[in-house]
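To keep things simple, chains are lettered A, B, C and D as they appear, and every chain counts its residues starting from 1.
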Amino acid sequence: MAYSTEQLGAIRRDFHRYPEPSWCEFLTTSRLVDHLEDLDVDELAVGRQALDLEARMAVPDEATLTEWADRAREAGARADVLEATADGATGVVAVLERGDGPTVGLRVDIDALYVDEADGEDHTPAARGFRSANEGVMHACGHDAHMAVGLGTIAAVQDSDFDGTLIVFFQPAEEVAGGGKAMAETAYCGAVDYLLAVHLGLDHPTGEVVAGIVKPLAMAHLAGEITGTDAHAGKAPNRGDNAIQALGTLIQNAYAIPRHESGSTRVNVGLVEAGTSSNIVADRARFEAEVRGETTALMTSMKDRLDRTVAEAAAMHGCSASLEVVSESPRADSDGPLVGRVEALAEGLPAVESTVRWADFGASEDATFLMNTVAEGGGLASYVVVGTDHPGAHHTATFDVDEASLGIAVDLLAGTVEAIGQDPPKRNDAG
Amino acid sequence: MAYSTEQLGAIRRDFHRYPEPSWCEFLTTSRLVDHLEDLDVDELAVGRQALDLEARMAVPDEATLTEWADRAREAGARADVLEATADGATGVVAVLERGDGPTVGLRVDIDALYVDEADGEDHTPAARGFRSANEGVMHACGHDAHMAVGLGTIAAVQDSDFDGTLIVFFQPAEEVAGGGKAMAETAYCGAVDYLLAVHLGLDHPTGEVVAGIVKPLAMAHLAGEITGTDAHAGKAPNRGDNAIQALGTLIQNAYAIPRHESGSTRVNVGLVEAGTSSNIVADRARFEAEVRGETTALMTSMKDRLDRTVAEAAAMHGCSASLEVVSESPRADSDGPLVGRVEALAEGLPAVESTVRWADFGASEDATFLMNTVAEGGGLASYVVVGTDHPGAHHTATFDVDEASLGIAVDLLAGTVEAIGQDPPKRNDAG
Amino acid sequence: MAYSTEQLGAIRRDFHRYPEPSWCEFLTTSRLVDHLEDLDVDELAVGRQALDLEARMAVPDEATLTEWADRAREAGARADVLEATADGATGVVAVLERGDGPTVGLRVDIDALYVDEADGEDHTPAARGFRSANEGVMHACGHDAHMAVGLGTIAAVQDSDFDGTLIVFFQPAEEVAGGGKAMAETAYCGAVDYLLAVHLGLDHPTGEVVAGIVKPLAMAHLAGEITGTDAHAGKAPNRGDNAIQALGTLIQNAYAIPRHESGSTRVNVGLVEAGTSSNIVADRARFEAEVRGETTALMTSMKDRLDRTVAEAAAMHGCSASLEVVSESPRADSDGPLVGRVEALAEGLPAVESTVRWADFGASEDATFLMNTVAEGGGLASYVVVGTDHPGAHHTATFDVDEASLGIAVDLLAGTVEAIGQDPPKRNDAG
Amino acid sequence: MAYSTEQLGAIRRDFHRYPEPSWCEFLTTSRLVDHLEDLDVDELAVGRQALDLEARMAVPDEATLTEWADRAREAGARADVLEATADGATGVVAVLERGDGPTVGLRVDIDALYVDEADGEDHTPAARGFRSANEGVMHACGHDAHMAVGLGTIAAVQDSDFDGTLIVFFQPAEEVAGGGKAMAETAYCGAVDYLLAVHLGLDHPTGEVVAGIVKPLAMAHLAGEITGTDAHAGKAPNRGDNAIQALGTLIQNAYAIPRHESGSTRVNVGLVEAGTSSNIVADRARFEAEVRGETTALMTSMKDRLDRTVAEAAAMHGCSASLEVVSESPRADSDGPLVGRVEALAEGLPAVESTVRWADFGASEDATFLMNTVAEGGGLASYVVVGTDHPGAHHTATFDVDEASLGIAVDLLAGTVEAIGQDPPKRNDAG
């Protein structure tokens, strides 16, 4: 039986309170399994059953995994789920069999971010008592709401006349672009004819729907190290090969990689750590960076330039350097015929005041791996945005969602699923 | 009874194995007290009795202090010493009353560094089993040997005809220039007529002695923070005020502060930490830096330039910044008449092959606080270097001392103490 | 009588041989006037008659103007034209009265660049003897060909059944974005109902036509100065306030101004000059820079950031700085109904193998001033690209055009002019 | 007959009014020859006779030489001197034969600097009408006064009882360290037993004398180029290899080359020129830099680091680079026995209020080449400073000398020459 807006909000708040970082969504997976069992879905693939383990990227170190698994256990995570998700094999896939019609996939993501959640009275989760219980980690991108929408859509489809199969991918590790490929390379994704991915917000207000996102940025997360020679900074600074000077040169020149004629690019050095004390010339620096591009080629070009920048910055200061890819995601665009179907549905919903057919996506998404798998199988995909009023920007401490948008999302997605079952779009339909 | 070279080496190895960082020398102080009680000195001032607590600088945070106090307790530190040194009041002063002659001070330092000790077979402490038991912390500047020399000198003076009072300052927190002022502002230091400070090595080989060091660099340790605005690095990098870009600009320009006509200067950014993840524009950076100068004025001039550099680097990227002094040490030079006495003694020692009257000191030292206190009281001071063959440089992972130098140091210092008692140098003696 | 392809090529080569920089097109204007008199146009506005003098931007200094005027005089420029164009009032507007139909404008630009033309045998202008006679200046952007096309179009329209008025703007100083505004603010431009601007090449091959350019980058050229304090670099580097260090900091941080969520941006520091000799700390630096943006707001945002970067880079090194706008151009897009007309014409031309309806323009253009004037008057404009094979990139030493494209351009433009006369497009036509 | 203070001042003002840059001292040499002929010296070696032409460094290009030779001709330079100094072979050596005693050399330098002289009323040369007639060039280091002192010393020695030979080296191109080696490698210098070099000022006031300078900085002037690839900064910035970005990286990192444990170092980038216009990515940059060190080894170490910095800065931005040595000067210290003689003389002069035996020299000097030649021949040398009140710093627009110091210098030097003749110092005399 379909969830009320209040129920959707309550589910979302529960998830919001216990955010877990990428590949550490142990408690989250356990709670999803609880919900999905309550919903009595036809098939559940938990943890390693839902993933191609080899295709995972950006899995954190064992200590981090263990710490979060321990936390989850203490917080009441199920033993069977903890076993199925051990060693960072989180996430779950749920299957609803409703007839011989097409197979429709829905992808929602489930991980949180290392952001310190705001605790002022004007931040609703703090004021209402569902602020993050895990200090330093926060659902600052709305994945808590996405999970509620995923569950709500299953419930709503159960109530509908949908003829076909619905597969919902509760994907881990989106924030690090680590989980999309692992779910894309499963038989579940291979079976999908129509894929819907959904995201709330992205600067669209409650009541607005974007039927199809295009131009997500291709992206690579990178981790680098610079190794030099330490020295006493007072007695013999000249004997050092200064990793912090190399880092400074690297930062300055990384952001200065030229803009590109072929389209948007991005570069960021988002984390640096170097040196040990003020009186020692640092012999070691590590950093995390990312590059993006409007196309995969642009992203690669930025990666090549960053590679050179890192190498020469190190060489300038007598240091050596390495730069490794932690994870990557390609570009994939929404398909017109499916976008048209979403648009039609949105226009028919009373709560939707504004429908945008196409919109550019300034950020990156590893849903593109699933979209590309579906495309390779001859299917169609669309990445849908359901607007939500959010006071702070995504990925910041004051992010929040307008829970009224959860019901809109469920109505839109369940309605689209049903409509696809009734009249499956074809690749050559007008987009 | 004077210690043999073997005994001095054994004492030094014990200290080497349990290095503790500045203001955390709890176990070290406990063991010093054990030794000093064995030596039956006439007066012992432990911890807060040996310090002007208000004059301490660069005391670490409570968590660090507690962690090392706990470690010390587990490793067998005495309860009475732990109480006397609680909250980072480490160190000890020992007094030997030997007659009505002058009061001679000896200052040795006791703290270790955050350096990860080498563990190859060619690193003697590793090969001989006395490598640091505290991972990430190391006696990489020879303070372990200094303590052995301090104890050995007491024992040797007890065997000598010294007429006067010997006060030995086992000073904490030299590496952070935090403890010198706190011991300088005690009545113990105020009572000293002749102060000897000693350091091993400093690139002088075993068998060489420097009778008096001049030109230690005045120094300030600084801690800074940069605060900006976070943003999604893919979606809206322009909304960020990038603390890591500010940091890069700061690093580049800090090292580029011009050389000075009036003498040597130094600048180092030795530690940086910023940002949280590769896809977020960093809103916070912190760093530790230091400046030095051949005179206190030069050091201050560098500090002023660094202040401006930090402020403008932050402003350039829309950030704000702060820069605080953690600790400082002034310049103080050895006094000629006392240097002459040390030189004469050194030249008479068979194990000393080479005596250097004066040498410049490229680094900084908070022994200068004690030297200045003695000078203000009309006394004389000399900072003495006893050479030691050291395979790696000071403050690096492969630093080690030649234990043969410990006996030389004890002979030189005890001899000098005795000679001072017999014929106290006067300020106007030829230097 | 319409020109043959050979004639168009010959005219272009004559212009190619005598390139003149922006606002110095004295000989160029004189030759244009000769041609236009030969063509017997109905009205000629030469130099100051063709311009709003106050609206000129980026006029070079008097010495430069005088030098080029002198050169032009020596090369045979007409005295009357030299007088009409004195003090950098170059350019000419030609009017052809052909009936009561609409007024169609055609804008071509006439200035050259400070580029040293290639002189290898594989560079056709060198091999065929029409390489630049003015060393260091070159028609490296095809404006020589644009002039030939402008003249050719007049001749072709004279042969056609065009009913209306044709006004051709031979605009000076496009490369410095200095002349567009000055021609846009004349009554000639105010009278135009339909404006066509034309550019050859831009990476489109011979046989391709782009009917309407959109997204030219808004742009500002800037000139800056940094003033510090000189000092002897050996004796007292600390006494200097180093303008070259400020410049280095500025360069590094200017290119590192973040990418923007709202669209493409550009920044370039294209010229720097600072200091006097290796042993003096430089007290003065000057530089020329530019910023661009996909919208005027983005360009302004970049300008603001550059302003801050310049100010803080100077302040960091104790210098002061100024940054002045030399010239600017806004964004303006082609209008659909007129683009449709160009597209239809192009598709009907045998020599056109490929027609692109819309294309983005990566660069900037001060034709946008004329386009905006026409738009404000209720008219329509389109910026048309006629492809040409060009061996080297625009603005580089080996740039050249395929002269076969000149005839295509003339056919396209004259055909469009005639078509507009027959059936004037309306603002609400399908674009 | 010895010159009065007024005469010395008048001579100096004449030279001050016509400053000529290094290797362009054509008029200066001509006027020196006039003076020396008036003084009736015994031998005159003009221009190429006074130089080892192959050993010249930093000779400017032919156009510059020609321009200054033409100016000199117009200003009345003698045809015979212009011929003897053609192609930048300036300078003159004068010999006074006065008996069989030792050969004493005196070296003064004659070139000026590219500094724009102040023209305010508070700048004496402007107020009194002898400000530089050559705009942009200035005697901003007192070489005008040095020449007057050189001539005055000859006149004074002629009046004295000096027994021996006096050779005065009027050396060109000191400011670029280009002329010292060329005069050092002549037979004139090879014949010298005692060399005195003299400099006014250097922050010592009128009435003070420094008998012997030590620690001049070894120095190298360097000229570099960076070559990249140009590109349209709006259309395709990514296609460029940006020489200005490479230059910015170079500047930032050059100044940041670490301080050295072994002594003072210097680095300066004193001139940069790059790019052509704001909208073109620059493909070329050139710069002039210098490095210095307290020892020749330190200077070489700085040169090596700058080499690496240039290479890596270029490589980081896809450019290539070169760095050439334009000129160099070694370190050479004053010899004690000769210093002692100067000191004794100075102490006997009523106008000398303060005599400093030794002083460090913060700058560089190619007199060190002559000093080293004399040392290699077994002779002794001293570099003497005669204090002069100077309102502005050396090498700045407001530099001036107190002409009272000219007479002091002549008395000191002539007296020392005479004293050397009477009792030649020996290498082993107490210094």
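Heads up, the rule we're going with is that contacts are C-beta pairs under 8 Å (C-beta built on N, C-alpha and C of every residue); 3 or more make two chains touch, one makes a residue touch a chain.
Remember, it's a predicted structure, so these values are computed and weren't measured experimentally.
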If we look at chain B and chain C, which chains touch each of them? A, D
Among the chains, which one keeps its Cα centre farthest from the Cα centre of chain C? B
When the C-alpha atoms of chain A and chain D are each averaged to a single point, how far apart are the two points in Å? 67
The distance between the C-alpha centres of chain C and chain D, rounded to whole Å, is 50
Length of the line joining the C-alpha centres of chain A and chain C, rounded to whole Å: 46
For chain D, jot down the residues that touch at least 2 other chains. 235-237, 239, 242, 245, 249, 252-253, 255-256, 258-259, 261, 266, 281, 362
Could you pull out which chain B residues touch chain A in their complex? 113-115, 175-176, 202, 217, 219, 221-223, 230-237, 239, 242, 244-245, 247-252, 255, 266, 268-282, 285, 288-290, 292, 326, 362-364, 393-397
Seen from chain B, its contact residues with chain C in the complex are 235-240, 242, 245, 249, 252-253, 256, 258-262, 281, 301, 308-309, 312-313, 315-318
Can you tell me which positions in chain D touch chain B when the two form their complex? 252-253, 255-256, 258-259, 261, 264-267, 362
